[in-house]
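One structure coming up, written as structure tokens, with questions to follow.
Read from first to last, the chains carry the letters A, B and C; within each, the first residue is number 1.
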Amino acid sequence: MIDIKDVSKWYGSFQVLTDCSTSIQKGDVVVVCGPSGSGKSTLIKTVNALEPFQKGDIIVDGISVADPKTDLPKLRARVGMVFQHFELFPHLTVTENLTLAQIKVLNRPKDEALKRGLKMLDRVGLMVHKDKFPGQLSGGQQQRVAIARALSMDPIVMLFDEPTSALDPEMVGEVLDVMVLLAKEGMTMMVVTHEMGFARKVSHRVIFMDAGKIVEDCSKDEFFGDPDARSVRAKDFLSKILQH
Amino acid sequence: MTWDWQVFCKDTTSGDAVQGCFGRGGDVTYLNWIFSAWGWTLSVALLSLIVAMLVGSLMGILRTAPNKWLVLLGNAWTELFRNIPLLVQIFLWYHVIPSIFLVLRGVPSFVLVVFALGFFTSARISEQVKAGIQSLPKGQRYAGLAMGLTLPQTYRYVLLPMAFRIVIPPLTSESMNIVKNSSVAFAVSIAELTMFAMQAGEETSRNVEIYLAVTLLYFISAFAINRVMHVVEDRVRVPGMIGGK
Amino acid sequence: MNLDFSFLSWGIIQSFIIKGLVFSVQLTLFAMVGGIIIGTLLALMRLSNRPLLVMPAAAYVNTMRSIPLVMVILWFFLLIPLLTGKPLGAEVSAMITFTLFEAAYYSEIMRAGIQSVAKGQVYAGYAVGMTYAQTMQLIVLPQAFRNMLPVLLTQTVILFQDTSLVYAIGAYDLLKGFEIAGKNFNRPVETYLVAAVVYFIICFSLSMLVRRLQARIAIVR
């Protein structure tokens, strides 16, 4: 589904990603973790070409991201993304947030877009807020709407960039519950997160990044079950994170 | 000091007071004249504002585009029209431009003034629109693109609606500025309020009364604009945003 | 289109233009210094919480900011001789007018600057026994001034541009110098072009300097 091949990225002369390679199959739930500055947010943003990269290529469902001829908006319409700061469009109601891209990008007729959007909204349990503005919702509610917004586009894969990092602790749970549900339904997911509980529960694989490189890329059981076989950096990270 | 408010009822050619203070049948009192001048001031201001908003918004958007040539164009435009005094710009449009662009030779000075004031103000508006767009969280652009919107669509549906709401307060003061700046049109004999003040003052020698009336009209215009922008700001406010309901 | 700049010899520049440039610069500097001093006083009055001080200051600032500069110039040109009983040259009238006019704008800038200094600074001053005047003079105003320096300088560049409006009362400034040179040699197109270029170079350079200053201050903080 997603093939990341030897991707390297520079900001000016500073290299932020070095020869990153990995593969995500349909139905996989992959967690990407690592210390701050390791490049994990940058990596996930290269998958749907929000961040350009200078070397390597990424193939999403057979389409090359680096190819200048690729219709990027069309590709992005099939890849769902959820952001750390929710990024709902504040001047539109919840319903309008859900239907905007369906109408403008997928050219769906208004009532079909409405039906689909509200179905997703119901799935995340927020139907009662459909006419509110994002500013009137709590952080956890906004993030769940953001997930519904991405799902309304019927994506083939969902990318999550630290979806719970900006939430107050008591709201993290409601968002993770939605994500667990998605995973159990077989959605292909790539999740950048610090939430190791989520990783243990639902992921299939864990990718650990450090200083722009993919250092570990193994099954969940190996990552958590066999820490001594892991690299020094990964062990270090695990010991700090798992204190909680 | 003696006051003579009757001066407004005087006919401008004969100098005699007219019953009811408004002239009839082609004769014009100073009261007619001041209102006509007010009309000119407001027309110049309004049309210049439209030009300034259209051009200034475009330049502000260009300055936030990912293409460095567009940014350069926007910056060059802004710097050019910001660093030359308005009066000099008006003289350029009046004396220089028609010599260079012969097509503009026969154009009335009113139009030239609208261009001059419009372009001058557009530099300031471009600054505010740019600041408005840049004050939006970076993620908004990403979120729009991530959903498959093209960059122009992202500007149209995501960035600009919010940027314009943020920009309304500075835009209010720009609108008030443009009414004040329209006074510079006196230099090329546009029949607006300041020109009226100078000419009528000279003719009647009742400078104080004339100046007071003109000043009052400028006050009223500024106040009216302030109120209109306030209503606009209220109408477009988004609940939940800072200053929202 | 026939542009002939040859008439602009150094002699011409000296006799017509330098005189105007000198006046424009003098006017700008005088109004800047005077305006900032009076503006700071006005700002302090508005922040003093005493209605007797706040209201006149606020009324003054709001009035000056609501009227076109040309009208203010005309007003002062009319009133000052009436009040002093003596006739007044356009140049002196301009000096007074611009100082009092710009004071309103400088006062808004200084008001923001004073408010940007953390309240704790004032408490710290009082805590060691300083009076209001001392606290303002030694602690608050220096910081406020430093914080707002780029904005004050930008306002000065605007002031320099505004001086061209003395055209309304016929004072001999830089623009007038160019205009007269143009009329004498019947070359209005060339002179206005050169005038625009000169103003642009002066204002653009000053703005660039201010920007560099702003970057410097930002790092130090």
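In the analysis below, contacts are C-beta pairs under 8 Å (C-beta built on N, C-alpha and C of every residue); 3 or more make two chains touch, one makes a residue touch a chain.
Everything quoted here is computed from the prediction, not taken from an experiment.
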item	value
Chain contact topology (line, ring, star, complete or other)	line
Maximum centroid distance from chain B, chain identifier (CA atoms)	A
Chain closest to the middle, measuring from C-alpha centroids that were averaged per chain	B
Whole-Å gap between the CA centroids of chain A and chain B	47
Intercentroid distance (Cα basis), chain C paired with chain A, Å	54
Distance from the mean Cα position of chain C to that of chain B, given in whole angstrom	22
Touching residues (chain side chain C, partner chain B) in the complex	1, 66-71, 74-75, 78, 82, 161-162, 164-165, 167-168, 175, 188-189, 192-193, 195-196, 199-200, 203-204, 207
Residues of chain B touching chain C in the complex	1, 79-80, 82-89, 91-92, 95-96, 99-100, 176, 179-184, 186-187, 194, 197-198, 201, 207-208, 211, 214-215, 218-219, 222
Chain B contact footprint on chain A (complex, rising order)	45, 48, 50, 73-81, 83-85, 87-91, 100-101, 104-106, 132-137, 149-150, 153
In the complex with chain A, residue positions of chain B that touch it	137, 139-140, 142-150, 153, 157-158, 161-162, 165, 238-241, 244
